[in-house]
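Structures are listed in the sections that come next.
What follows is subunit A paired twice: with subunit B in the first complex and subunit C in the second.
Entry: the complex of A and B
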């Protein structure tokens, strides 16, 4: 485990992770790639690549990660119907960036039944198909630590990122026409805190840290699973997208499809790869004469979504906290 | 718990049976994943459903709801047949060697002394042979055919793997695999922990389910050791505290008893609580009962409790029945015999069995006062919510008062967790709106009642007028003041009993712990087992030092665990007859030639010699009990009993229904069904996404599990023409619900002899208040009967029928 005092990202692979004092990062200078901006300046520095490891064999499907995700991102997932399954909401939505997926499996080799539960969400590909497909300059960025983030005020809601994603993750909001997905809590990671889901996970099935450390941790978990008879236990860190910054330990790494259709060999669609040149043109047309740098500067003002409830709360606060004369100074 | 959550990391084998720890206790379950990840521990789940816990288990075996005793006795039988017994432990630390009266016996599913008219046993034969010396007779060679061990061996011999398969529906090979894995833990260097919850308690023989596993654990030598124990997972964050402070109709704080009508005075009350040792030299710690009781009476009534008035014993209520449990209370309410009801912090309309009866009972009240942070269904039982609460509002005359209270996050105080840790917490938020602390509300009621007694008199005002009420603000006792009262203080200087010149605690100071309590009125304490939690060292519950020398999992400086900050009960049993740890790698306490010392607070007098004093100091035997004498109403050994509603006749006695000594009210008996009409077994449970009936008020929890559903097997779905996500009607003899159908391979029909048993899973959590979709819960369907000893309702096994619903439900 890397315990460098000059950490540039948090480590949560230990119980009760302390908040690690760390200089805030993930600024403009840490962007290594941005959608439709091929001539991005070289980043100032290289951050340690990070990763979130999801150990499916330790996951109890409690959905604490979903709850923490909605709380941290201040989203309000819809209260749907039950349609005869455990997945709720039934799919990823613009308000639910992560989802426990449940699949029932009669293992023909052992004759035993297995309930395979996988936390779905953005995999933060090293080679992100969404970013490649996106025609809106600076709407999707990748930082040097590997996190792929959507910058919503640059998003035009075209949905190309959905097509470009080999894991079918982003969802475009019908309300504000922006695309949403897991940010890997870039806003937390930037200030030394692990992702909200990892913090909430009661069994440490979700851990976060330097990718190198996470691989080491994952190897230990694989060895444990093999000792319990899961001969094909392994790591899911698919090469087809250059590896991912969210990756899995699976009991059946030889059959990832068992886990609610996790693709065995995810690839960026050749169409997306092909239209890279076109994107560049559209992108330049959109930004016109403006310098690439000015878009980058605008990258980090986050989408300003105020829910109706927040409006009410704000009004209530204004009404009830009008300062009494003489108290203003306190 | 005998042990603690953190201790689970020390185990080699976790058996989750009668519970679903990953689902209902996900945060505590982390210690199971710790044991698995760092010790290579294995996890076995035995459950009617393949649960979330099963999804991370090493081995799963199915079982028919309500047949756990057969499974457990089958395991004990297998251990005995295959010599998987920790012999030295069994001989010395259990009552295996005690000789039982000749008259004791078992036949046709019943123990000696059964009276079908009274539905009760004459338990006089269920006892040891007492010698002329006043002690129980023993045969340490275990040769005597009447010793407990041989009686047990005979008793469990009926529970063969074949009988287990027939009764439980557990395939024989799966049962044997579980038995083999458990059998390994009879070795001194292997230990197993039992994690159970309401899957065992909510049966008409719940207490016997738990006894069954406790006996197995004793036979394996797993009680009192690190990574072992009987670990009850408590269902609310402070339900352990609730029982500790005596919020049961028959209990006083610290597991002392409310007297019965027959116990008219102090002497009579104490005469059955003399607790003289049954073997020479044994501790029999309850001999100190008078000290704890006098200290309690002094805490209640101060100077009004004196030696010359039997410590105000006449102030205490006397029970005319064994308990005024929730079932009896609602039955009395339904009979019009209770007209005013204060409902503090729970939601009986949804939480109690047979909702139709509960609605009827609440409708007959004159006054219902509900104290709760949330708007509960109980407080709104009179509102018509269509099919979800189809009542005739105009015909209900009950006056309902809702008093909004604070929640745990808005109060200071302590919560006692499953491991008996009293953890102080601090308010994190200001109470919203008009919400008041429960203590403020209780104080207001008390002060007003007192004033009425003062002004108007009454038949017996003394207990109210003389109640101790010495708080800084009489309108609202603070958590700190109440906590200090629970710990207790010296009312006069307290001296050492052996050296009467040595002052232990000066008048007015907090007692160090309960060893300083006296029966002469010089000490007070509202709950003796909590003594030590707030002594002159300060608030020990607020301690937050998480250091753990040598990684034992004890964490002695984190909070305070009752009693005496002891983390593992019976920990003297972790060492052999010479006082050396059975397993040196799991050392807990050891005898150093002069005293006991180690990582935990010894559960024995520090200087009690290992070969003289037994580890089970609360029992007059000094040992644990494989045979419980007459202490339980339904038998000194667990014997298989079917649920009151079962698709299968009792294999030992087809005429016997349910638990033969469980209390059944006449009108409820008429509402028990047979499998001719209601062929399917239903069982109720929680889901991780929700906490009881609270979190349906929260949007995010509601989004994660929005709507009421039932779980059924693919086979039953096919048989009934039910589709995934379709709407079904489920009904019992007491009520009907509509739900979405979740069709799953996680439930499979069970082959019990020649009968194929289908199980329907019915989660709770939905009602007609809150953010989630309106729905029903299992308790519209459940039977109004409880455990024979403690009256916990039989929520886990009852009969229903199911069909696809006509038309969709509109919510």
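Entry: the complex of A and C
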């Protein structure tokens, strides 16, 4: 099966890319939002929103997705020490955009031990905190298909994206001082290929396609899990960030924190909103008003001048005050 | 010799006709200008990352990456430079009873009716406000700044704390820019002030008008030898 070259994005990661030449999309005309660029022109067209669905209940923890990610993105995660757990590397890094997080859960209801494995990485929020926080014009962009991408040539390495992200995902490189995270394989999606991790996943726990299709697929998975006794199974597509373009099927959707601290109600922190909203706008206005006001006052108001009379009085004061050398001063 | 209350030991009359009073020695002036220059660099580089409409200011420093790198180091320079300045100036900036009167008659200050104000030592309440405002804000800025220094302290504080730090840093920055504008404005509006930081001295009339207690004290100990 190959992808239809007339589609604006791949509908699955399983199919091969189109054989016929296909114009790459995800160019400048597909950008709906860009960091520090409030007056961005409207995009030329609306692409079909895409999504990557991660079905945690189907994951076997093989890390093929991590390998595929490192291979496609040509990153070389540092070799680390085994500290007695399966997580490797220890955290997301500038060279590891996705990470299998393993957590052990003693289910008090069933008495069963459960191994909850979640593929962590950028969630591609509809309302991205990183993009809101970023001060560098065009360093973070959001395409009309929902992918949030870092444009590294514009990145200045300040780490504000780390501050803004509700999921603790971006990592700033110590070598080139630029921030890195999952791109949702924007460079593959642009030419009709699904993300590398989804392509590599042997159980199809990771699937990719139009967000609508993925939600339909997720609903089927949830119904299946419920029929098998997971009554709290559900979709994790958090509304606080406007929904995400990477989303999960969880067996315990009522307790997302079980999955290595997946936040229950992620949203852009009100502190970040206050910083990037009111503080930025009012702060600059107040500074501008103070600067303009003082210049105008300086030009038109009467200056505070010393009079010739005061100079004379000073001389008089000095004459009468300076003690004569050798005499005892009072 | 009695301890000076309103002047530094080094303040002295440079000449008596016309009167010129030395206000800052060369060392203090150099210290002031290093601090001032650092503050201006910090202000420009900080504003560049504060608001998208000012991002073009990164061009002054060779682009966004350089601005991001430079800003915290200049912050460290300013912190230590200001600290040395602080050590020299803090004593005469302690509040005194006449400051209260001065503040309550701020209208006369603005109109330049200084004959109605009490006689003052080396600093008036406004100058003291700038001094303490700068001192506190610089402490807040260096503290919050280190917390958001991605290059060297990425894990110093948790991400929620970092969010507060960046908010506090930007609020304190706005405040210090306002203090800076007031400082520069007051120095220009009050004619004859700037020579205190360039030549190091002011005219007798300036001292008589604005800081008469200071002038009296400086004149009073002139010619007196500590040995006598």
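Keep in mind that, in the parts below, the second predicted complex is superposed on the first by the 259 of 330 C-alpha atoms of A that agree within 3 Å, B and C clash if a C-alpha of one lies under 4 Å from a C-alpha of the other, contacts with A are read in each partner's own complex, and residues count from 1 in each chain.
We take it that contacts are C-beta pairs under 8 Å (C-beta built on N, C-alpha and C of every residue); 3 or more make two chains touch, one makes a residue touch a chain.
Being a predicted model, the structure only gives us computed values, none of them experimental.
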Item to check | subunit A: partner with more touched residues, subunit B or subunit C | outcome: C
Next on the checklist: Between subunit B and subunit C, whom does A:10 touch in the aligned arrangement: first, second, both, or neither?
Outcome noted: neither
Next on the checklist: For A:82, using the defined touch cut-off, is the partner it touches subunit B, subunit C, both, or neither? Pick first, second, both or neither.
Outcome noted: first
Next on the checklist: Looking at A:57, would you say it contacts subunit B, subunit C, both, or neither? Reply first, second, both or neither.
Outcome noted: first
Next on the checklist: Contacts for A:238 in the overlay, against subunit B (first) and subunit C (second): which applies, first, second, both or neither?
Outcome noted: neither
Checklist entry - Touching A:128, do we find subunit B (first), subunit C (second), both, or neither? => result neither
Next on the checklist: Quick one: is A:67 in contact with subunit B, with subunit C, with both, or with neither? Answer first, second, both or neither.
Outcome noted: first
Next on the checklist: Tell me the contact category for A:146 with respect to subunit B and subunit C: first, second, both or neither.
Outcome noted: neither
Next on the checklist: Identify the residues of subunit A that lie in both the subunit B contact region and the subunit C contact region.
Outcome noted: none
Checklist entry - Taking the complex as given, what residues does subunit A use to touch subunit B? => result 15, 57-64, 66-67, 70-71, 76-86, 88-89, 96, 104, 106, 112-117, 202-205, 221, 224, 227-228
Next on the checklist: Taking the touch rule as given, give the residues of subunit C at its contact with subunit A in the complex, in rising order.
Outcome noted: 13, 16-19, 48-55, 58, 63-65, 67-69, 112, 114, 148, 150-151, 154, 159-160, 162-164, 166-167, 170-171, 173-174, 177-178, 181-182, 184-185, 188-192, 203-209, 212, 215-216, 219-225, 228
Next on the checklist: Help me check something: in the complex, which residues belonging to subunit A touch subunit C?
Outcome noted: 36-38, 135-137, 154, 156-160, 162-163, 165, 168, 172, 177, 269, 271-272, 274-275, 279-280, 283-284, 286-287, 290-291, 294, 297-298, 301-308, 310-315, 317-319, 321-326, 328-329
Next on the checklist: Which stretch or stretches of subunit B touch subunit A in the complex?
Outcome noted: 22-23, 26-27, 29-30, 33, 36-37, 40, 50, 52-56, 58, 60, 688-689, 699-709, 723-726, 740-746, 771-773
